[in-house]
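So the structure is just underneath, and the comments pick up after that.
By written order: A, B, C and D. Residues from 1 in each chain.
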Amino acid sequence: MIKVGIVGANGYTGGELIRLLHKHPEVTIHALASRSQAGRQGWELFPALHGTALGAEPLLNLADPRLYECDLVFLAVPHGVAAKLAPDFLAAGVKVIDLGADFRFKDPALYEAWYKVAHPAPELLAEAVYGLPEINRPAIRGARLVGNPGCYPTGILLGVAPLLVHDLLAAPLIIADGKSGVSGAGRSPRPDLHFAEVTGDFRAYGLPYHRHIPEVEAYAEQLGKKEVKVSFTPHLVPIPRGLFITLHLAGKTGATTAGLTRVFQDFYAEEPMVAVLPESALPHTKAVLGSNRCHLSVRVDERTGQIIVLSALDNLVKGAAGQAIQNMNLLFELPETTGLTALGIWP
Amino acid sequence: MIKVGIVGANGYTGGELIRLLHKHPEVTIHALASRSQAGRQGWELFPALHGTALGAEPLLNLADPRLYECDLVFLAVPHGVAAKLAPDFLAAGVKVIDLGADFRFKDPALYEAWYKVAHPAPELLAEAVYGLPEINRPAIRGARLVGNPGCYPTGILLGVAPLLVHDLLAAPLIIADGKSGVSGAGRSPRPDLHFAEVTGDFRAYGLPYHRHIPEVEAYAEQLGKKEVKVSFTPHLVPIPRGLFITLHLAGKTGATTAGLTRVFQDFYAEEPMVAVLPESALPHTKAVLGSNRCHLSVRVDERTGQIIVLSALDNLVKGAAGQAIQNMNLLFELPETTGLTALGIWP
Amino acid sequence: MIKVGIVGANGYTGGELIRLLHKHPEVTIHALASRSQAGRQGWELFPALHGTALGAEPLLNLADPRLYECDLVFLAVPHGVAAKLAPDFLAAGVKVIDLGADFRFKDPALYEAWYKVAHPAPELLAEAVYGLPEINRPAIRGARLVGNPGCYPTGILLGVAPLLVHDLLAAPLIIADGKSGVSGAGRSPRPDLHFAEVTGDFRAYGLPYHRHIPEVEAYAEQLGKKEVKVSFTPHLVPIPRGLFITLHLAGKTGATTAGLTRVFQDFYAEEPMVAVLPESALPHTKAVLGSNRCHLSVRVDERTGQIIVLSALDNLVKGAAGQAIQNMNLLFELPETTGLTALGIWP
Amino acid sequence: MIKVGIVGANGYTGGELIRLLHKHPEVTIHALASRSQAGRQGWELFPALHGTALGAEPLLNLADPRLYECDLVFLAVPHGVAAKLAPDFLAAGVKVIDLGADFRFKDPALYEAWYKVAHPAPELLAEAVYGLPEINRPAIRGARLVGNPGCYPTGILLGVAPLLVHDLLAAPLIIADGKSGVSGAGRSPRPDLHFAEVTGDFRAYGLPYHRHIPEVEAYAEQLGKKEVKVSFTPHLVPIPRGLFITLHLAGKTGATTAGLTRVFQDFYAEEPMVAVLPESALPHTKAVLGSNRCHLSVRVDERTGQIIVLSALDNLVKGAAGQAIQNMNLLFELPETTGLTALGIWP
């Protein structure tokens, strides 16, 4: 059994790691820690834990030695914090998967330009591996430090990868119209996340310079082997979980829905976590609710030459905790889908 | 007092006409009619009518002579039906505002290409006026037959008009990423509109060839005085009402958020139903819930040269019934905002 | 025109007063004030105010003399605060309607037992009038200080009044199972009111000793002229507004649904704000969304002898701001429904 | 591996059986059948099945011999239909768990009085076992025909059982105020279940004579060994899943919250699927979303002597499909929690 710890077990991503790891057949949850909520019992933070052994245990603080007894820790903490914690874990022989932004970039200057802080551990960036298995699997296998992708970049990169790899775009611009469920904004209460204000509402936020842009650009350029720019507009959807990306792309002459659907199906034929839908279907966020899958469709508007790619996933699973566990499975040479095969909940 | 009738009083648009006209100081609701629900009392269809005189009256059938005693009828019926009803009303001296698609096009061929039926009254198209007051007010004033715009076209055209009129786009393509509340899909029960399937879900539908495309293209070309194509991707949001448009447009060199915000504010300075928000704000659908206003913001992404326009309105008010009443006010030479000044409901 | 001020204009009740008074034909909103948000513009707090004159004005602080120029101020502030503000307003000749708990009780000991603070102005309690027009109209007419009822007490008292007045209960116990929309919990962000936690959830809270109990008991005893106890269990419903009460009461032998429905219809025959529904209908909170009406139904379970009363209202309108305006109309001898006749929004 | 079939695989209960059995380590899903949707592929009905082998298979019709090769069939069909199908399955050696009402009653007269049809197989009622493991486990173990309880009766009986068994009620009346998520009303589209009408709404329905009453009374009397009547008022909550029961009961003198909490904790100490919450917590439906657990709290209102019991479960899991699998585990002598240990999803 792999002994794992979770730092930041009090937030939504931490809670989702608990939910998924609780059912993982090769894992023991060895340590749950929190900077702000140490001492509180699990069920106080996650009422689904009532009546379980895990729910009765208090969260540890970050200095607790149990964390260092783990084989792996997941860091579900704000950017800037993870890079301060990671060196000690690695020095103690504990592998690290960071669910924040600290280890997603090779270039610390890029990180610093967008996140407005000096990187606390730039010396680790060369070693850190970007944890999007569908495009980076071989590098993940041997790693001990993984930067787990952002939720939006996961949805955008999975949606655009087949087109970039096969050089099917007529212009180097990815217009990504993103829609996220509210858990993507974190658990801390804010006036604009009050139930009464979000329910019945739809809005945009944070445009035009969202921090997920450089992450997408960096890996999109790697895939397409040429420069590409991203124009990204995120929106808040009144759903607890779920992430939907609509990509608007200039297609090359002759592109068709049937043709591109085949390209996508071939590209992802062996991928267990990506389903390219039949032409008679379109993605729903709810079809992947609680599951680690990404659903994709592609359409060509022959009147305008535009390619529209639709990508749906659960921001807390394939967009965060599930993907982190997929990476963990790779690190420990388990079958990649171990513990991750649950279907989405419907309705 | 203006005597009005509503045909299709049983649907959501019909109900919204009732709600708004009930408070209109210059209007008497003289006849409520329905093809499918004649004989049922108002409160059976709209429980908000409990305890009102209107709620106790049964809906009339379409042959009822009271309809022909009206000064104006609103037609809230499917496309194809309105054009069959309109000639008799006009012949009887009753003005007509059609909330469907039958009188939105000058060219019957365009209608037939997209709606897949022969137009039942092509001889009326020359006379019919497109009822988007912000771009067509003078023509509406003298009319007796108005084609009320679609909800999406209202949001898109109000969002793109200042850019087209001032020739500020670098390419003749409007990418419109639309998001609509569920009432936009009508009141008839459907498996995919069941509460249990929509709640918690976000999805796209009906792409890439939605019937609102030719309507937008026709009037966008009029505004810009040159050809423009529309790529339109509609989505369903789990809210009862509300429509949000995100326009992705190629800007000309040198465009800035501050500059374009000023262009928009000047363009709409005298418009009572359009608010261009200050730069520190962004639109919410909920801010216009139940009101006849459209809220707009514009942003320039200087990294990519893209212009992003955000447009929010209530699909049943500014996107349907409210706009129809705005047109009615123009037809009868009332102040244009009469009966339409209510604020949105928050929260 | 009546000049009114609102203290606490930043909260949901304050915002609802703005929304309703904005349309009131006999009122000028003269002063909007806030303890915590003074200086912010109206639209920052209520985005529905974008583009309106009111939205552009900054909120005043509580010392602003404009407040004292008003004919009436509405106090939408926490309990304990209103009773400190009221004496100065009254001394300046400004009438006061308090939307909190400070002036709902004749007996300061009762207030102190449930609210755990000394009453700041017990000398005003003799003069203060309980503002539930349907049971206390004559007293309200001549008043200058009104204690506006709580939302739950409004729903419970309107539901039980016909039974108490006609002595139709077999036991002196009102079991009130209450369900409230989230705006009832106020606008301040809290972890348990975060959208992601409330959506999809249903829960009870605050039982068994909610502060609305003594308010109901006091006025129920006045209505029934004998002692009655209340067992009250409130629940939180994932809706922004709306309040629903299910009363479980022991009926006397021979009670029938038809008979009691007639009793209710007679009791409320002249009441413009209460609708007793026909036997074929049941209340919905949404049927009164945004309106000042209360919808009631009564049923007898002949197998058990239980009477079940169902009561629905909008907690921010008939449960707060709308009722306060109904009281204002009475204070100023306007027709009681002035500015309050809007229908509920559907859907 | 146990070969199972599902009849009625197209509805919400059928879909939930698929979701849970798909992860059950001792089960093979051998046959999915539907009366109305035979021939459609799984993913057309449950988009979560995209990309799975199960999703690609068409649903069978009810005559398909594969159904008779199963060890067990689950019947998720309307009442009256199951009792017509069961005899053939039993004759073929296939065990049957019916998720409808046909095998919940020992007395066919009771069934006929409330369901208004003659029972199609009264001869099987003596053999059929009521499948609420927490109160009927020994009888379920040896059975071949199980009547799975209704969702409301599960919540009510688990909530009242400790009080009945220990004779702690002062009066033989159970007032059950029930609140259900919308999936409890089935998947067929209906005007009153349209998203636009349910969202933002709360309402009661079907009172005062709901068909779950005689089911509760029958088993409550068995538990308490004396007559007890149920007054039941169901409500519809705008959530997709979840069931919440508030019981209002007359307590005996001296009852306390602490004392009854201990009684409940002792009563359910060995039950893996029931958690009695600590006194500092209260149930949420969302805490059991997707899980097979029931969460309970009990409170005593010492002012009135009322006992209030709160019971939360997922109507499709512990209220239907999960409980059916719990029964299946008992029938096949597997550990009772096999395949049923997933935590609820939060948020």
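The definition used in the following text is that a residue touches a chain if its C-beta (ideal position, glycine included) is under 8 Å from a C-beta of that chain, and two chains touch if they have at least 3 such contacts.
Here the structure is a predicted model, which is why all the values come from computation and not from measurement.
**Q** Using each chain's Cα centroid, which is most distant from the centroid of chain C?
**A** A
**Q** Counting residue numbers used by both copies over all numbers at the interface, does the chain A-chain D contact come out same (over half shared) or different (under half)?
**A** Same residues, largely: of all residue numbers at this interface, over half are found in both copies.
**Q** Once you count every C-beta pair in contact for both, which comes out on top, B-D or A-B?
**A** A-B
**Q** Whole-Å distance, chain A centre to chain D centre, using C-alpha means?
**A** 36
**Q** Whole-Å distance, chain B centre to chain D centre, using C-alpha means?
**A** Whole-Å distance between the two chain centres: 45.
**Q** Calculate how many whole Å lie between the centre of chain A and the centre of chain B, each centre taken as the average of the chain's C-alpha atoms.
**A** Inter-chain centre distance comes to 38 Å.
**Q** Touching at least two other chains at once: which residues of chain A meet that condition?
**A** Residue numbers touching two or more other chains: 12, 181, 183, 187, 194, 196-197, 199-200, 238-241, 284, 286, 289, 346-347.
**Q** With touch defined as at the start, can you tell me which chain D residues reach chain C in the complex?
**A** 173, 175, 177, 179, 181, 194, 196-197, 199-205, 207-209, 213, 229-231, 233, 235, 237-242, 244, 246, 248, 282-286, 289, 299-301, 303-304, 306, 308, 310, 312, 346-347
**Q** What does chain C use to touch chain B in their complex?
**A** 12, 15, 18-19, 22-23, 43-44, 46-52, 183, 187, 199-200, 240-241, 274-275, 277-278, 281, 284, 286-291, 293, 295, 341-347
**Q** Going by the contact rule set out above, which residues of chain A touch chain C in the complex?
**A** These residues of chain A touch chain C: 12, 181-183, 187-191, 193-200, 238-241.
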